[in-house]
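The same chain A turns up in both complexes below, where it pairs with chain B and then with chain C.
Presenting the complex of A and B:
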């Protein structure tokens, strides 16, 4: 790819980026959110036409106008949000858009699919509905979809974001095998350990510009981090916590999942004043249900006491009034109303608190003050505090969502993937603010699928696997391998 | 408030253009027809009074639909709630001594409308039954049930038609002035006050904020500690109450009795009124008046031989044009991903 430029309106997403990828390599594209990694990949496989520049494939100039053309030439992408239709079976998903013939011979297709899966060392029950797949399996299915379409160049966007460390290693091993057979893999990621360990070549983008492109053997993580961010960052060092009184005590919580299974099995934990506790684990192991139950969005068995108040007796609104706060996982569907202004969103959920009421209505000055405070907690970029929320970038939206949970005297903050979609620098800031808040006498519980993040910032670590919550013993607190094993249910 | 500016003016102009076009199609000379409309409907007190009379139910039912729409429910059932409100009100007005029967009849209308809407909210909240289906069914039930009642137990024995007796003069809602050009009924004042109250309620109160949040995104509302089921049921019930009030006022101020096929379809016109109002309840004042004016204009024209169905064509085109504008704007917003 030569001199690729891409604008979205006035925003320059890519500025004269060159990229050369050798056949048979695993090539990492790294950069912060908004660096242009994903956009570059989308240009490559035809989802966005470039404003300038040219693309050559095996020496031939190509110009893909849509992903269908790209896949016909062997270029395909697995995006971060899987394009799997939950209502269809695995086989139907695999075939969708690449049906071998007008009338599908189920048995024939199934045996071919199984052959392909076996080559990759995957196993699928082809008639299983796709909504029962774990994120890791869904990703394997996505990769198979590309191979089914004879892709020779695979682009993977944040492939390990949802995987346990061991599954991630396994994935890279399979990718290596693929490259042995002549395939080329492009990996978009922000996880430097993955790059150092598994990739051959690395390209760094920052602010839509190419910063460097070197073999992995000629660089190191701190150099890469500096190149990604533009300034050198100091690794966060844990300050010692001095846990005080318990704030939230949960005993034997059992919570039903949406398929009737026990999503959380008899979980017990105590959150003390002054500590930030992290829950490590792979997505879909009950973290979501645990948080929802604590917020009053679904029922639970067992007991949960927030500073002497039994949560079972409190509605969601009353729990918020008692100081419980949730940083919801899914911004668009759980946390904010995008057509509303920043001001209106900043008070959403807090709108019944005493400070925000005035007679029958919402206290407009207090609402504005709250929004101002929330946007100042983290440096948030916006034109006008009354602009529609959807006008903010994803990172800035997330900052407001996290900052909102810190307003109006919270007692216990439940944060689900609080740094989702924000760049390293701000993610660091988010955790620092959370830690600082806990040091002032509150408590916080964080769910993250990024083990490094948990290990870097949390005072104590819990691991959740198949609904079972266990605490990482203090002596293993810094043992990444051991925690990784606990995440998949093995003995540490 | 921006909404009451150029957009409403444009709408009025567009309405005017449409009238001219439709008249041409109907075979009338536009200039003459417009002259007729201006002389008979728009410049004579009798014409104004008719417009105001027509506007009363449209404003209230427009409010009813608007309130439900705000919480994300499409209340097609305003017509049924209107009819039930009217029959309840007529029964009270006929059987309770005047003048305390006036407030009681109004209350009965509101309660009737509420009760007719409450199950819609319940079914929606707890069973996921779509409100469009349930309200359409309830409209039919309301129509047939009331027709049955006024053909039987409620029928005035002296009448040839399925109708109740007329309410006594003392039971009627009075006019503002009994003589002169202001011989218009208090009902319109109540309707305007309800529009303003709706604006206050939806735009200024905490409950209104929660209703809007629920309407925009029920899941986000739930995560924000709002009891989504409760607020849907209550809002739907309130919407029915306003429609019932419209029915009560229709009986007490204008019709003075209840009869079979009571509503000429006000509840459906109200869908257009609420849509045309855009995002602000105060817009109902403009859109309701526009609807009433068009109705009265075609009424006058029908006497010169232009078919009355013209108003339906006009309103239909108007609503479609407006909807196209509005939803194009929403589609353009797109997502930020």
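Presenting the complex of A and C:
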């Protein structure tokens, strides 16, 4: 790819980027959110046409106008959000868009699919509805879909984001086998350990510009991190915590999931003053239900006590008044109203607290003061504090949501993926603020699917697997492999 | 059920054969129309305009059949107008992204007014008998269509693609499918089948009269919902509506040996069930997941 530029309206997403990828390599594209990684890949496989530049494939100039043309030339991409339709069976998902013939011979297709899966060391029950697939299996199905279409160049966007470390290692091993047979793999990622361990070559993008492209053997993680961010960041070092009185005590919490199963099974934990506790685990293992139940969004069995008050007796509004705060997982559905202003969103949920209430309405001055404080806590970019929330970038929206949880004397903060969609630099800031807040006598519980993040910042680590919550013993606190094994239910 | 049949046989001398034939006559347009709706809704396009398409097709079949005295021309006109209305629905909902319900209502209103205008304009032609195909052909077509659709969705490429687009147009697009095109094809099939349904209604009556479909497009829609958007269950649901509908025709005005059921009850029964089904009380949850999505 030579001199690729891409604008979205006035925004320059890619500025004269060159990229050369050798056949048989696993080539990593790294960069921060908004660096242009995904955009570059989408240009390559035809989803966005470039404004400028040219692409050559095996020495031939190509110009893909849409993904179908790209896949016909052997270029395919697995996006971060899988294109698997839950109502279809696994086989139907595999075939869709690339059916072998007008009339589909079920048995033929199934045996060809099984052959392909066996080659990769995967196993599928082809007539199983796709909604029953785990994130790991779905990822595998997506890769098989590309192979079914004879892709020779596979682009994977954050392939390990949803996988436990062991599954991630397995995936890379299989990708290596694929490259032995002449395939080429492009991996978009922000996880430097993956790059160092599994990739041959790495390209760094920042702000839509090419920063460097080097063999992995000639670089190191801290150099890459610096190139990604543009300034050198020091690795966060844990300060010792001095846990005080318990703030939130949960005993034998059992919570039903949306399919009637026990999503959380008899979970017990205590959060003390002065500590940041992390829950590690793969998405969908009960983290969501746990947070919803604590916040009063769904019922639970067992007991949960917040500083002497039984949560069961409190409505969600009363829980907020008692100092419980949630940084919700799904920002658009659970945390903000996008058509409202930044001011209104910054106090959303806190608006019935004593300081903000004025009769039946809201104290406008206090509301504005709170919004100003929240947007200053993390440097948030906006034109006007009264503008619609929608106009903020995803990263800036998330900053407001996290800052809101820190306002008005919180006692216990429940944060679900608090750094989702924000830059490394701000992510670091978010965690530092959370840690600082806990040191002043509150407590915080964080769910993250990024084990490195949890290991870097949290004082204590809990692991959640299939609804079972266990604590990582202090002696294994820094053992990534051991925690990884606990995440999939194996003995550490 | 047995009791009713016995009662029928003993009190009014209605044979089971009569009842079956009448059920077939009443249900076949429902089956064709519901299967037409199945194509549309499986591809993700809500279609409450079945009634209008059917009415327009009945009108065109009767008047063109009368004018040309050629059954092929008459039927073609019926199917043709239903396809045109279907395409109008496609343009409104897919190209201009108008709400599917509004577009469907509009088409029903258009058909109602349009056919009434035609019948008032060509009064003389309306009195003539139209050239028609034997109705048994339509009965056969209804069952063949159900079998064909079952096969289409079970093991063919177009079937899989319609199913995928109806469940998740966005992800289908990512897989290289073109929802717009697939829905166009589906809606043409909706036109063909509702056209056949309308032609059959005209055939059964011999000539056109205003509002002659009398809400059967909605009953067909109810059958489709009751049948869970699957061809055979939909056919069965339409048969059931047909059975009760014909029972009503036969029982009306007859003495049922002291059973004091007002005729209006029988008349209202199919509509009552339709209302309950359309209100979503009988399993809206099995609907195609992408229904109504752009």
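We take it that the second predicted complex is superposed on the first by the 492 of 492 C-alpha atoms of A that agree within 3 Å, B and C clash if a C-alpha of one lies under 4 Å from a C-alpha of the other, contacts with A are read in each partner's own complex, and residues count from 1 in each chain.
Just so it is clear, contacts are C-beta pairs under 8 Å (C-beta built on N, C-alpha and C of every residue); 3 or more make two chains touch, one makes a residue touch a chain.
Source: prediction; values computed, not measured.
Student: Looking at the combined model built on chain A, do chain B and chain C fit side by side or clash?
Tutor: Aligned on chain A, chain C fits beside chain B.
Student: Considering only the touch criterion stated at the top, classify A:123 as touching first (chain B), second (chain C), both, or neither.
Tutor: Once the two structures are laid over each other on A, A:123 reaches no partner at all.
Student: Taking the superposition on A as described, I'd like to know which of chain B and chain C A:409 touches: first, second, both or neither.
Tutor: Touch status of A:409: no partner.
Student: Of the two partners chain B and chain C, which one touches more residues belonging to chain A?
Tutor: The partner with more contacted residues on chain A is B.
Student: Mind working out whether A:150 is in touch with chain B, chain C, both or neither, as first, second, both or neither?
Tutor: Neither partner.
Student: Given the touch rule stated above, what does A:83 touch, chain B (first), chain C (second), both, or neither?
Tutor: So A:83 only meets chain C here.
Student: A:390 contacts which: chain B (first), chain C (second), both, neither?
Tutor: first
Student: Once the structures are superposed on A, label A:481 by its partner contacts, choosing first (chain B), second (chain C), both or neither.
Tutor: neither
Student: After lining up the shared chain so the two structures overlap, which partner does A:95 touch, if you call chain B first and chain C second: first, second, both or neither?
Tutor: Touch partner of A:95: chain C, not chain B.
Student: Just to be sure I read the superposition right, which of the two partners does A:106 touch: chain B = first, chain C = second, or both, or neither?
Tutor: A:106 contacts chain C only, not chain B.
Student: So, A:54: does it touch chain B (first), chain C (second), both, or neither?
Tutor: neither
Student: Can you report the least C-alpha distance between chain B and chain C in the superposed arrangement, rounded to whole Å?
Tutor: Superposition on chain A places chain B and chain C at a least C-alpha distance of 6 Å.
Student: Using the touch definition from the top, list the residues of chain C that touch chain A in their complex.
Tutor: 155-158, 160-161, 163-164, 167-168, 171-172, 174-177, 288-289
Student: Please give the residue numbers of chain A that touch chain C in the complex, ascending.
Tutor: Result: residues 66-68, 71, 79, 83-88, 92, 95-99, 101-106 of chain A touch chain C.
Student: Mind pulling up the chain B residues that touch chain A in the complex?
Tutor: Touch list, chain B to chain A: 204-210, 213, 216-217, 219-220, 222-227, 333, 335-337.
Student: Quick one: which bits of chain A touch chain B in the complex? Just the residue numbers, please.
Tutor: Within the complex, chain A contacts chain B at residues 295-297, 315-317, 319-320, 326, 328, 333-340, 344, 348-349, 351-352, 357, 360-362, 388, 390-394.
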